[in-house]
Amino acid sequence: MGYFLFFLLAALTVGAVLAMIISKNQAYNALFLILAFACLGGIFALLEAPFIAVVQIIIYAGAIMVLFIFVIMMINVRYGIPAEKKKWTIYLSIVLAVVLIIELILSIKGAFTLPVSTAIIKAGPTDLGRLLFTKYLYPFEITSILIIAALVGAIVLIKKKEKK
Amino acid sequence: MNLPILSLVTFLPLAGAVLLIFVHHERKNLLRVLSLAVAIITFIFSLSLYFNFNDQIPDPQFVEKADWLGYGIKYHIGVDGISLFLILLTTLLMPIIILSSWTYIQKRVKEYLIFMLILETGIIGVFVALNLFLFYVFWEAMLIPMYFLIGVWGGPRKIYATLKFVLFTMLGSLLMLVAIFFLYSMYYKATGVYSLNLFDYYGLILNPNIQIWLFLAFALSFAIKVPLFPFHTWLPDAHVEAPTGGSVILAAVLLKMGTYGFLRFALPLFPDAVMKFLPLLAVLSLIGIIYGGLMALIQKDVKSLVAYSSVSHMGLIMLAVFALNTEAIEGAIYQMLNHGLSTGALFLIVGILYERSHTRMISDFGGVSKQMPVFSAFFLICMLSSVGLPGLNGFIGEILCIFGIFKANKLLAILGISTIILAAGYLLWMFQRVMQGPITNEKILSFKDLNKREIVYLVPIVIMMFWMGIYPKPFLRKMDSSVTQLLNRVNKREIYFTQSRKDKDFLLEIEPITTEEKNEQKEDKAR
Amino acid sequence: MTEIFWLIPFIPAASTLILAVFGKNLPKKYVSFQACFAVFASFVIAAISAVGLLQTAHASYPLVKNLFSWIQAGSFQANLSLMFDPLSAVMALVVSGVGFIIHVYSVGYMADDEGYTRYFTYLNLFTFSMLILVMGSNLVLMFVGWEGVGLCSYLLIGFWFEKHSAANAGKKAFIVNRIGDAGFLLGILFIFIHIGSAEFTAINQAISGGALSAGLATLIAILLFVGATGKSAQIPLYVWLPDAMEGPTPVSALIHAATMVTAGVYMVSRMNLLYTLSETAAQVVALVGALTAVYAATMALTQNDIKRVLAYSTISQIGYMFIGCGVGAYAAGMFHLYTHAFFKSLLFLAAGSVMHALSGEIDMKKMGGLRKYLPLTYPTFLIGAIAIAGVPFFSGFFSKDAILTKAFAQGQDSAFYYFIWGLGILGAVLTAFYMFRLIFVTFHGEERIDPEIKKHIHESPKIMTIPLVILAFFSVIAGYIGLPVVLGEKLNFFGKFLEPVIKEVHEVHLSLQTEWTLIAVASVVALLGIFIAYVFYIRSPMIPRNLAARFPTIYKLLFNKYYVDEIYNAVFVNPTVKGSEIIYDNFDLKVIDGAVNGTATATGFTGKILSYFQSGLIKDYALIFLLGVIIFLAYLLF
Amino acid sequence: MIPPNYFLILSVILFVLGSVAFFVKKDLITMFMSIEIMLNAANLAFITLARSANSADGQIIVFFIITVAAAEAAVGLAIILLIFRQKKTIKSEDIKLMKG
C-alpha cells in the first residue's frame, strides 16, 4: 500500500513538474505546480509528518500558489512570450543539470544504507508546537518579524506613488 | 580628579557632531555657534593635557585602557611628548577652521560642521591610539569625513581630487593593515597571547628580513600621507579643490599623521629595516625638498603653490626624522607644529582672498596690500613664518632640523639648506605678485579689509608663531624624554647585530616584560 | 651701570610693538616722537654703557647678560643673551646714533607719506634687529639679527610696493641675502659641530685652544664670509644693493649705507680669531674686498642716478673695510665702518634733500647748478664728498689711510698684499673722481632742471637740514679719534679701545719714512681724482663725451653695470624657472601623475573587461552559480 | 516501510527538474515557481532524513522554510509586479538593468 501510494504520488509530482516545464501557459503552470505541491504534501504524510503535510497543502499549494495566480492574472500576458535569443545558456544548463543529478545521487549514496526507521516519532502538531515555543523560540519570533517585514516590504513596493 | 580627560578630548567633538544632528539645518548660525563652542571646549580640555603633562616621563600619560572587542583589540589611548602637541595643534586649529568657514560655507552648513567635528575626533584618535587596531580604525575613520569635505564642498574638479586622495591613502593603509595582521598573528604564535598593544610590539626583536616587508608596508602608508616624493601628486589636487577649512586641516594636521606614523610605528618597530632603507628615504626626502620648492616656484595657483611648499617642508621634516638624533627629531616635531601653523595660516589667507575674489590664480591679483593693509600684515607674518625667519616659529624648527641632519650627514644638510633659499624665492615672489605692485584688476578695488571675525581667528595663530619663535622652551622640554626613549628604541638594532640569528624565525626575541604587563596578559589568557 | 646695556635693543623693540599694534590710531606727531625717542634712549644707554665699559677692567670683557635659554634640544643650545664689549659698543653707538639722526631726518622726509606709521614701525624694527645683530652673544642670535635686518631691508626697499620696481628690488634683496645666509648658517653649523657652542666667548677660547684645524677654519671662515658678501653687498652677491635704492632715501642712508650693509664687516671682525687662523680665508676676504672696491667704483663712474652712484660707492667702501679685515687690520676696518657711517649717511641724506627739493628727481642729467638753490645741502654734500674721497684732515682720510697702510705693511710678507694695496689706491682715485663728478654735475655747471620742477625748488625744512649739519660735523671730526699710528700710539684712541677684542697678530712695522710716504700718496691720489673730475666736468666737459664715443664698448659695459644682472638672470634665475616649468609639465604632470592616473585607467580598463561577465541577466548569474555548486560538490565528492 | 533513499532520489529529481525549469522558462513568474520546486525538493530531503533520524527538528526546519518561502514569495512577486509595471515585460532576458 505504502509503496503504491508513494509511486503514485511521486509519478504525479514529477509529471506535474514536467508538464509545467513543457506548458507555455502561465496559468496552467501554476495549476500544475499546485498539483505537484499537493502530491508532495501526500508524500510528507507518508513520512509521518502530518502537520507539515497539512501545512504544505494549505500554505504552499493554497496560499502561496494563490498569490502566484493572482499575479499571473494581474499581469495577464495574452501573447506568448517570444523565444529567447540566448539559447546556449539553456543547452549548457541542461548539460549541467545532468552533471548535477549524477553528483547529487553520488552524494546521497551514503544514505542508501540507512536503516528503515520504525520507531514512532512524536511529530504531531502538539509536539511541534512545544518545540517551537521552547527550543526554537527565538528563530520563531525572528521569523515573525521577517514575515512582517516582508509584508510591509511587499506593500511598499507595490503601492503606487501618489501623484504630487 | 579622575576624569578620563583624554577620552573626553577625543570624543567631545564626536558628541558635538551628534548634538548637531538634532539641530534643524536651516538654523545655520545656531549650528555654527554650537560647533564653535564644542571646538573651543575641546581645546580648553586639551590644554589641561598640556598643563598636567609630566615631562619627565617618556611613556604615554593619561593612559586609558578598556576591553573592547577581545582578542587583543582594546581601547588603549595615551599621550606622550611626541603626540601631545599634535593634539593641541588639532584642537587649536579646529575653532579657527570653524570660524574661517563661517561665511565661506553656505550650502549644507550642518553637514559640513558635523564632518569637521567627526574629523577632529578621527585625527585626535590617530594621535592617541596605542592599540594598533584602534589606530587603524581612527586612521581610516578620518578619511571618511575628509572624503566628503573635499567631495561635497570642493572646487570644480572635486570628485577627481577626492577620489585620488582617498584611493591613494587607502592603498597605503591597506598594506599597513596586512602588516598589522601579520604582526598580530605572529605575536600570537610566538607567545600564545593575543595582543595589538603597541608596547608589546616594541618589545619584539624581529627578523630583519621580515622587518623589511613589514616596514615597507607601514612606510608606504605613511609616506603617501606625508607625502614623500614621488607620492605627492594627490596633495596639490586635494588642496586646490578642497574648501579652505579642508585645506587647512589637511595641511596642518593630516600630513603630520604621516610623519607621526614614522615616529610612532615605522621607526621603533622595525629599526633594522629603517637602517636598510635610510639612504633611500633620506634621498627621497631631499628630492622632495628641492623638487617641491622648484615646483612651488612656478605654480600659477596660490593654493597649489602652498601645496607644493608643503611637499618641500615635509621633505625637510622627513629628512630630519631620518637623521635619527635628538636635535633632528625634536626639530622635526617642532617643525611639524610650525608647518601646521604657518601653512594652515597660509591656506586661511588664501581662503580669505578667495572669498573676496573667487579666484586663486596669482595672475588675477596684484596690489592687494593697498586695499587690505591689515590683511597684508597678517599675510606677511605667516609667509615669513613659513620662510623660517628668526623670531618666528619656523626658524627654530628649521635650524634644529638642519642641525640634526648636519650632525648625521653633512652633504644632505648642505643640499637641504637650499630650502631656505627656495622658500624665500617662491613665497616672496608669490607675495609680490599677489600683494604688491599696482592694482591691475578692478575687482580688487572692491575688496574689504579683514573683518573682526577674520582678525579673531588669525590673531591666535600669529601669537603662537611669535611665542614659538621667541620662547620655544615649553614645547621642546616636553618632547625631550619621549624623543630620547624613541631613539633608544630605534637603536635597539644593535642588540640584533651583536648576536647571530637564524634567519627563518619571525620572532627573534621578546624583551622581558614587566610584571604588570605579565598579569595583564594572564588575564587576557584567562578570558 | 653697565648692566643696563641689555635694554639697548629692547627699547626700539617695545616701540615697534606699540606702533605695530596701535599705530593706526596714534597721531603722526606722537608716532614720530616715540620712534625717535626710542632710538635716542638706546643711544643714551649705549653711550652710558660704553663709558662704563671704559672704566671696567679689560679682563671682564665681554659683559654678558643672559636673558633666558632660547633653544635647547639635545646638544643644540642657544641662549638669548646679549653681550657688550668695545666692538659691540662701537656698533651699537653707530647704529643708535646715526639711526637717531636719520629717524629725525625721516620725520621731515616722510612727512606727507601715507605709510608714515608703517615706515617708523619698520625703522624701529630695523634698529632692534641691528642691535640684536651687534649685541647677540652667540652666532645664532647674530643670525637672528642678521635675518631680521634682511627682513627690514626687504620691507623698507619695498616700502612703496605699488611700484613694480620697488617690490622687485625688495624681493631681490631678500633672496640674494638668503643665498648668503644659507652659507652663513652652514658656517654656524660647522662651528656648532666642531666647537659645541655658538657663544663667541666659547668660540674664541676654542680657537685659541686650537680646536680647529687650519683647513676647517678656512672652510668655516669662507662659509661665514659668503654670508657677509650677501649682507654687505660684495662680489658676487652685491647685485641687490643698487636696486635697493628704490626705497625711501633715509632708508638707503641708514640701512644700505651706514649700518646693515656693514654687518658683514662687523661679523668678520667679531670672528677675527678665526680669520687670523686661516690665512687663505683672510686673503679671500682681502681679495674680494679689493676687487669689489675697484669694480663697484668703475660702475659708479657712468651712472646718472644720484642714489645709484652712492650705492656703488657704498659697495666700494665696504670693499675697503673688507680689505682692512683681510689684511688683519680689523680695527682699521671697523674704523672705516665708523667714519663711513657718518659721511655716507650724510651723502645719502643730502641726496635725499636734493630729491626733496626737486620733487623726487634722481637723474643727475636733469640737475646742475643747484648750488645756489640749496645753500645748506650743497656744503654738507661737499663735506661728505671730501670725506669719502679721502682728502686729508677729513674723517675718511684717516680710516682709509689706516687700511691701506696696513695692506702695504703686509706686503712685506707677501707680494699679494701689494696687489691689494694697488687696487686700493686705484679705487681711491676712482672714488674721488666719481664723487666729484657727482658734485660737479649736480651742483655746478649749467642748469638742466625741468622748468616745471624749477618752480617748486626749495631748500629742505630744518628738521632735515639740521641732521645734515650734525652729520657733516661728524664727517669732519670723526676721524680724529683714530689718528694714524705715526703720530703716536696714544692718539689712535679707536684702535686702543678695540684692542681687547681684536687681536692684531700681524704686527708689521713700517719705517716712519714709508708711512709718511704712504700718507702723501693717499692724499695725492685723492686730490688727483678730484682734479680729473674738475677737468672733465667743469673745464672741458667735452672730454667725457669724447671718451664715451671713442670707447663705446667700455662705456656701455660700465653703463650697463657689466651686464651682471642680465647674466645672473640668464644663468641662474631663468633656467631655474624655465627648468621647473619643464619638469612640472613633463615630469610631475606626465610621469608621476601620469603613473597615478595610469593606474586608475588600467584598473578601469580591467573592470571594463570583467564587466562583460556582468551581463545583467539572472540566468547567466544562475548558470555561474550552478557551475559553482557543481564544482563545489565535485570538490566534496572527489 | 519505504526506505528513505526512495524519497531522497525523488528529492534529487525534483531539485534538478526545478533547476532545469529555471533555465528553460522565459518568464519571471515561472522561473520563480521553479525556485519553489527546488525549495520543496529540499523540504522533502529534510523530512526524509528527520524521519530516519527519529527527530522532529527537521520538520521544524521545514516549517521555517515554508514560512520564509511565503515571505519570499510575497516580496518576490511584488518585485516582479513592479518590474512589469515599469518595463511592461516579464521576460527575463529583457531585464538587465544591472549590466556592467
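Letters A, B, C and D name the chains as they come in the text, with residue numbers starting at 1 for each one.
The rule is simple: a residue touches a chain if its C-beta (ideal position, glycine included) is under 8 Å from a C-beta of that chain, and two chains touch if they have at least 3 such contacts.
These numbers were taken from a predicted model, which means no experiment stands behind them.
Chain B has its Cα centroid nearest to the centroid of all protein Cα atoms in the structure. The greater number of contacting C-beta pairs, out of the two interfaces C-D and B-C, is seen for B-C. Inter-chain spacing, taken between the CA centroids of chain C and chain D, is 93 Å. Chain B and chain D have centres, each the mean of its CA atoms, that are 57 Å apart.
Between chain B and chain C, the centres computed from C-alpha atoms are 39 Å apart. For this pair, chain A with chain C, the centres built from the Cα atoms lie 98 Å apart.
Looking at chain B, no residue sits in touch with two or more other chains. Of all residues in chain A, those that touch two or more other chains are 86, 89, 93, 100, 104. The residues of chain D that reach two or more other chains are 19, 22-23, 93, listed in rising order. Remark: the chains found to touch one another pair up as A-C, A-D, B-C, C-D.
Across the interface of their complex, chain C is touched by residues 164, 167-168, 230, 232-234, 291, 294-295, 297-299, 325-327, 330-331, 334, 367, 369-370, 373, 377, 380, 384, 389-391, 395-396, 399-400, 402-404, 406-407, 413-414, 417-418, 420-421, 424-425, 428-429, 431-432, 435-439, 470-473, 476-477, 480 of chain B.
By the touch rule above, chain A contacts chain D in their complex via residues 2-3, 6, 10, 13-14, 17-18, 20-21, 26, 29-30, 33, 36-37, 40, 43-44, 46-49, 51-52, 55-56, 59-60, 63-64, 67-68, 71-72, 74-75, 77, 81-86, 89-90, 93-94, 97, 100-101, 104-105, 108, 111-112, 114-119, 121-123, 127-128, 131-132, 136, 139, 143, 146-147, 149-151, 153-155, 157-158. Contact residues of chain C toward chain D in the complex are 607, 610-619, 622-623, 626. Contacts from chain D toward chain C in the complex involve residues 19, 22-23, 31, 92-93, 95-100. Interface residues of chain C, counted against chain A in their complex, comprise 617, 619-620, 623, 626-627, 629-630, 633-634, 636-637.
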